[in-house]
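There are two complexes below, and they share chain A, which is joined by chain B in the first and by chain C in the second.
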Partner chain A sequence: MRASGCSALLIAAFALVAAPVAAQAAKATKYQKMVTEESPAELFELVGEDLWKKKQGPKKASLEKCDLGKGPGVLKGAYAALPRYFKDVDQVMDAETRMLHCMMTLQGRSKKEALKRPFGNANKPSEMEYLTAYVAGQSRGYKVNPGTRHPMEKFSYALGEKLFFARTGLYDFSCASCHGEEGKRIRASELPVLSNPAVARPVMATWPAYRVSNSQMKTMQWRINNCYRQMRTPQPVWGSEVVNAVHMYMMVTGKGAVYAGPGTKR
Partner chain B sequence: MMTKWMLGAGLAALVLSPLAIAELSDQEVQKIIKRDFKAKGQAKMDRLDQDVVQQVCTQAHDKPPADVAKALESDQLTAIPFPSGSLMGNWKNGGKIAWSGKGMQWNEDPKKGAGGGCYNCHEIAPQRTSFGTIGPSLRAFGKKRGSGPDMQKYVYGKIYNAKAYNLCSNMPRFGTTGTLTEQQIKDLVAYVLDPSAPNNK
Partner chain C sequence: MAGPMKARARMRGNYTDIRVLMSHPMETGLRKDKGKVVPKHFIQNLTVKLNGTTVVEGEISQAMSRNPVFSFRVGGAKKGDKVEISWLDNKGDTNKTETAVA
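Here is the complex of A and B:
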């Protein structure tokens, strides 16, 4: 599984980047080295960087001027300071939601087209997964510090906390049903108690994360979506206030951790 | 009457508290949930309608007042349609149902039915070494507690509707929700209680 995931990545990497032959050869060597020696998460960052700089959409523009909260094009520390309130849209957004906004505004892409496939698979990761890995990697060494001052940031946190403990869905679960008690397992998996700052810090400092068990880079939008699937609810809308509020609640709980992602998980 | 001093203190508290926010009601949260989720596959929007058990447990963070819990547990118990006769099904089928965690998700075919996902949270037979620990171990349950009609009824009821015995239990209501059929629950009763099942050897 892992090997096939990596070769698919390589193919995707080449398909995505229209670079001169010499540069491509140099890159091929670099990719090859990473596949064999380094974490696959870094490979996602490299492809993500190319996608970030690739001119796309009706406006034939890259995402290089995207403002993730630190100003247009400033990536250093941006992921670790999200979610936060953005005045131009009067909304709280996480990194993925904000990138969608940039795809629509800077590149002129429709929401439908840009969100056609937010979650990838081992053979074909999604554009959003590559981009998130790249953007997140630019926050390594920065403290997790999401927005907590604006009234809408406070609202997002409060909503997220409520959602964390709300019993819902066909099976009566809340997030706390599985993430509520120290040292408990679902089958063989230990689930972190994400309402506990000491537990949330190392977790939130390493998402998004490459999962070795299924050779995929997983983002927080995916993680929350997939939890609700297992909770037997309908599907939460990608980038909605609900999903971003749960993300905000967990990031605020993990506040102060030194960001070290994208991580690699079992 | 609010004095200037009180107003000042209130404002100071608002500014100083890192995350001060006007209390968000559970009703408001429910409205937002219904706006931000969409039906998909077999997971329809009615799954987000909180019944009284979900409401009370949400509000109380799973620690409801004893009298409220007792009254609601009694209502839940009364609504369980206990079949007449033996509740002991086939433990071999029960083993498969206990192991399968499939069913009722938006990406699954409803025609294929569901498992109980028991091993997600419980230890049962010694042959299965991958089990969760959110629920208590059921290892040798029948051997320790007996397998007579009363015990069969208790286990059947517990699987059908765990909230009838512990209002804010983490365990889903497998019968009430239509996740498992009467026969499937009987098979699980046998898997837990039958003296010839591996769990009680």
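Here is the complex of A and C:
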């Protein structure tokens, strides 16, 4: 008698726990759909376009002749085909790293000056965030197809994969500690399993992204940097081989997705 | 001063769906930065005109998010109609944008 009363209570308790979880997931999906319908990300694209065409730096030049891998000045589909190997610098670069290269070569700016403020805030977004939004927007409708043929590209992917699973730092965390298991989340943000192509595709197709919760346009360089901050590792260097390798690993995993960014996130 | 603004208007069966994106800090006047109150700065009035006739007049407040997005459903519009959207904030700043119903 007593025992059956107990199990009935237990069942009731389970039902109470299970129902809100499902309801929460449905709400999160609905919310995600609503925020992506029309988003301020487009406003960042507009400002980015102006900055792209603005003549600045010692050489008083714009970035319009910047070669993002599809030839000088070709933006259509360029973001979706990055990171890739660039022969002129003998390096694998993602869109942001390549834009920095263009700022230095075309505009004659110093690395220090161009990278003074890679990450902005809500009151004052950074030049790189505006530019990335614009460049990424020019790839809408193109398939995500980063470079995978050149030995350097293969090396970058392998390094990225290794880094994704390598545990490090004060907490002994790897990317996979959070992004390696289904159904995990930090507060209301679901943590995608980025080693699973089916999950990685929609994620990589919508970065960079406008974050509704803090009104900022965030780029992949920032996302990787901030993940490492949350893992309490030393701060990775902006545009370094390591950050670009992690980006490369995720882009290759998300290969084949139709690019639809810049996206909108919680 | 004011950042970009973008509007779209589309026919959706028997009504027109008007959507507008605007950049604005929308400061509530309650937030502090290094101990100092960040002054109020928010959009107060929002006006939507269809071929010169006001169809929506909104009084909005600090409760709106930064870079707000609005959407309205308007009846009686047809393709090619001119939609004008403008805002006025508490500091007297203003901005407007125009689009045609598609």
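Throughout what follows, the second predicted complex is superposed on the first by the 226 of 266 C-alpha atoms of A that agree within 3 Å, B and C clash if a C-alpha of one lies under 4 Å from a C-alpha of the other, contacts with A are read in each partner's own complex, and residues count from 1 in each chain.
We adopt the following convention: a residue touches a chain if its C-beta (ideal position, glycine included) is under 8 Å from a C-beta of that chain, and two chains touch if they have at least 3 such contacts.
Computed from a prediction, not measured in an experiment: that's the story for all the values here.
With chain A as the common reference, the superposed partners chain B and chain C fit together side by side. Shared-chain residue A:Val47: touches chain C; no touch with chain B.
In the superposed model, A:Val212 lies in contact with chain C only, and not with chain B.
In the superposition on chain A, A:Gly160 contacts neither chain B nor chain C. Residue contacts after overlaying the shared chain place A:Pro262 against neither chain B nor chain C. Of the two partner chains placed by the overlay, neither chain B nor chain C lies in contact with A:Pro146.
Within the superposed three-chain arrangement, the count of touched residues of chain A is higher for B, of the candidates chain B and chain C. Looking at the shared chain after the overlay, A:Gln235 reaches chain B, while chain C stays out of its contact range. With both structures placed on the common chain, the touch criterion links A:Gly69 to neither chain B nor chain C. Put simply, the nearest alpha carbons of chain B and chain C end up 16 Å apart when the two models share chain A. On chain C, the positions that touch chain A within their shared complex are 3-6, 8, 19, 21-23, 25, 65-67, 69, 71. Against chain A, the residues of chain B that register as touching in their complex are 18-21, 24, 26, 29, 32-33, 35-40, 43-45, 47-48, 50, 53-54, 57-58, 61-62, 101, 104-107, 119-121, 130-134, 163, 168, 170, 172-173, 177, 179.
Every residue of chain A that touches chain C in the complex is listed here, in rising order: 38-40, 42-43, 46-47, 122-123, 212, 215.
For chain A in complex with chain B, the residues that touch the partner chain are 148, 151, 154-155, 157-159, 162-163, 165-174, 176-178, 181, 183-188, 228-230, 232-237, 240-243, 252.
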